[in-house]
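Sending over a structure as structure tokens; questions will come in a sec.
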Amino acid sequence: MKSKTTLPFMIGIPALIWQALFFYIPLLITFFSSLLHFTEEGLFLGFTLEKMALFINPIYEKVWFSSFCLALSNALICLIIAYPLAYFLAFTGKRFKNILLFLLIVPFWTNFLLHVYAWFFVLEKEGFLNIFLKSIGAINEPIHFLNSLFSIMVMMVYYYLPFMVLPIYFALERFDHRLIEASHDLGARPLQTFRRIMLPLTLNGVRAGFLLVYIPSFAEFVIPELMGGDKQMFMGSVVSHYILGEKTASLGAAFTVISSLILLISALFFYWLLGYLFKPRKSNA
Amino acid sequence: MLKISGLLMVASTYLFLYVPIVVLLVFSFNLEAFPSPWKGFTLKWYYELMHAPYLWKAFGNSLIVASFSTAISLTSGISLIFYATQGGRVGKFLALFYANLVIPETILAVSLLGFFSLFSIPLGLTTLVLAHTVLGLGFVVPILYARFVELDPKLTEASLVLGATSIQTFFKIILPMLLPTIVTTGLLVFIISFDDFVLSYFTAGSSTQTLSLYILSMIRSGVSPMVNALSAVLLFLSSLLVLIYFSLKTRTRIV
Amino acid sequence: MRSIKLKNLTKTASGSCVLNQINLHIPAGKFFALLGPSGCGKTTILRLIAGLDQADSGEIYLDEEEISKKPINQRPINIVFQNYALFPHLNVFDNVAYSLKLKKLPKGIIEQKVFQILESFHLASHIYKLPSQLSGGQQQRVALARAIVGEPDVLLLDEPLAALDFKLREKMLIELIELQDKLKTTFVYVTHDQFEALTVADQMAIMNHQGEIEQIGTPKQIYEFPISSFVARFVGTTNILNGTLHHLKEESEIDCHELGRFKVYIPQTKEWMKEGSSIQMSIRPEKIFITKKPAQNFSNHLKGSVHSIVYHGRSTQYNIILKNHTRLQVFEQNEEHFPQEVIDYDNEVFLYWQKENAVILEK
């Protein structure tokens, strides 16, 4: 039996090797380089937590806090917009549904940077929105939409919305519509039905969507950098700044490691929280 | 009442999604460059686009990287399934691939950069392909494997009983049945790679540009109708691909 | 056509099903049925014969050849699955030709064999359709065609008719009997439906919940002479009375306490039939004669009242309550349009049967 699976193993292994080599090992290297201590010439001196300690500093704490708020508010806004949208999508007629899905996915499949550019175009000092407002006489001076938290949020929601809509949509597709009818039949108001029936049963979709938005948003650096200018510093921008700098690579690694930890813990917390709030509960009978 | 407010909400959301795009498209035909309002219809920005110096190189690079990384990730994914059909225990390894979705791209990109510099691998097309394949594997493996386990095991048994070996069963039964999923996943991964920015930003190096990086450089130099024109072209291509994806998904749901 | 012998097969699984020292001889060229309740292990036996599973211990023989270690694709045994397992991406022709193509037969011969068999199954007009375009009955026949076109030595059928409706099932049963008659291939048919088993089998075996074979025999033997109350109850319906056995000079009797003493006929004395032992008596409902007036020339009788009546078209079922609240079922064939005697609810009736028509069972 042993020789039977050796050749297939050889064939099947590349995927595993690739994953290990180019995913896990780099991550491990980052992790360890944040702990290692090198001299100027590159001699290995031992393990240290010094570099990590560097970041226990109000400046960086502010950065993490900003990232946290950004990610959380983005996820919440997306959730509030996405759930009704997904609901509508799941329960409309077939033809309309396909068109709407198509329209939802096209931006999703278009180049990320083009999205940024599109909003750039609209929000810029001499961009579309300003020209439009000026032409209808609403304003005299162009508003600086860009370089603000507003433009960052707009862009974040714009980009991440499909990530939230699709998992919820798939969960709702599998949802038995008759349950809603049964619930109304038994006398529940729409909000109660939503809270007690729909949310618990689509919980996995909601959780998936939430994490798919929260996690990347936390580490996002392109959007804040391009849309927010230099006003705010987020985790992603700090990382890219250090990593691409000459001698600060290992500092960058340390910062990355701590950031990842914060991200992981907060993500797990929200995952648990969503479950706690909305999981189907055993009744106190 | 609920219906109307629902429709209103959906309409406004889609409006939000499409206003920038539509505006972008419209102004790609504007006679004069921004910030002037609509002056007239022209295709000159499209002509300029055709002759933009580094655009086509970047486009070509993106194409190469996307093609190779898709091909490699698909092949590895299929090989893994092959191993599973010959009795390999793949299930427990599967969890390893879920991490790709959970780790933010920035962190992966940064780690890969460190990895490449540690082993003195020069940044360029090669590192791009290596990185994008990892990205692709995170989709290919879970999706293909999920579809694979959905297949009726009795089909494999029927094939064996009728006289086929495990290998013949893989090529005659399993692979053909997985083909629709392979194609749609391949399309998905291709697009993800083509549109990718963060990973490319860190692993491309200074001498190689992908389309995303090219657009970045154009954005940095300010608003220009050429970018509008480029957006229009890429949007058109994306729509085409989404159409293909949709028609494949709905048409070939055999089992 | 080849015979199958199972020797001391044992299989345990983490689930509930266990096979316990199964010994079975399936004669060559016969239509053999394996009957039993759901989950009793009959499908497991089938899978062991096909090679889809391995037994923990024991051997499987094809005629004199031991095949327990032979790989699935080398056994000249084919199986028809309950859900047909047709390859959805291949059309009818390719599905049926699958095993022939694997044997690398010349194209012309493959075409000839496939066309021939599809003709005989009335599937010729569907030859290039996909399975999804066929009805349940048609799919079933394609699965059958696919399994026999390669002329296997043994054909295994795992509840193949379970998904069909009643009328279609009846029709297919007849077709299966005729097919086996023509091919003379050994058929092993697994089902939980006793009607199917009794209809098709030349020989059958009954399995119980513990993964053991209770009885082997022809359908008639099993129906008329069950050797345990499980078999008596599982195949058909029956009435079971408990009592003590007494051997008198000329004949034997069972003392059913308050219900009375009844004469019994023992064709073959068994070890457990000792004087004074607790036994059970099984009388099939159709073997009881029911009437409101007393009758003569019957070995045994009982008195009771009619509790409920169920009309079955061909027959009427009477549920009778005896004086000690035991219930008995009686079937009477509806021979006449205008019966001479009409039995109604709460009527007092006499039940008569001959001593040869009851079977005594070990308790």
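Residue numbering begins at 1 within each chain, and the chains themselves are lettered A, B and C in the order written.
Everything below uses one rule, namely that a residue touches a chain if its C-beta (ideal position, glycine included) is under 8 Å from a C-beta of that chain, and two chains touch if they have at least 3 such contacts.
Model, not experiment: these values are computed from the prediction.
> Touch graph of the chains shown: is it line, ring, star, complete or other?
Topology of the interface graph: linear, an open chain of contacts.
> Taking each chain's centre as the mean of its C-alpha atoms, which one lies nearest the mean of all protein C-alpha atoms here?
That would be B.
> Farthest chain from chain A, going by the mean of C-alpha atoms per chain?
C
> Can you give the whole-Å distance between the Cα centres of chain B and chain C?
Taking the mean C-alpha position of each chain, the two centres sit 57 Å apart.
> So what's the Cα centroid distance for chain A and chain B, whole Å?
18
> How many angstrom lie between the CA centroids of chain A and chain C, rounded to a whole number?
Taking the average C-alpha coordinate of chain A and of chain C, the gap between them is 61 Å.
> Quick check on the complex: what are the chain B residues that touch chain C?
The contact residues of chain B facing chain C are 152, 154-155, 157-165, 168, 172-173, 176-177, 254-255.
> Which residues of chain A touch chain B once you look at their complex with the stated criterion?
Listed in rising order, the residues are 4-5, 8-9, 11-16, 18-20, 22-27, 29-30, 33, 81, 84-85, 88, 98, 100-107, 109-122, 124, 126-128, 131, 135, 158, 161, 190, 211-212, 215-216, 218-222, 226, 236, 239-240, 243-244, 249, 252-253, 256, 259-260, 263, 267.
> Looking at the complex, which residues from chain B come into contact with chain A?
It comes out as residues 2, 6-7, 9-10, 13-14, 16-21, 23-24, 27, 34-35, 37, 72, 75-77, 79-80, 82-88, 90, 93, 96-97, 99-108, 110-115, 117-118, 130-131, 133-134, 137, 141, 191, 194-198, 201-202, 211-212, 215-216, 218-219, 223, 227-228, 230-231, 234-235, 238-239, 241-243, 245-246.
> Inside the complex, what are the residues of chain C that reach chain B?
50-52, 72-75, 77-79, 81, 83, 85, 87-89, 98-99, 102-103, 130, 132, 146-147, 150
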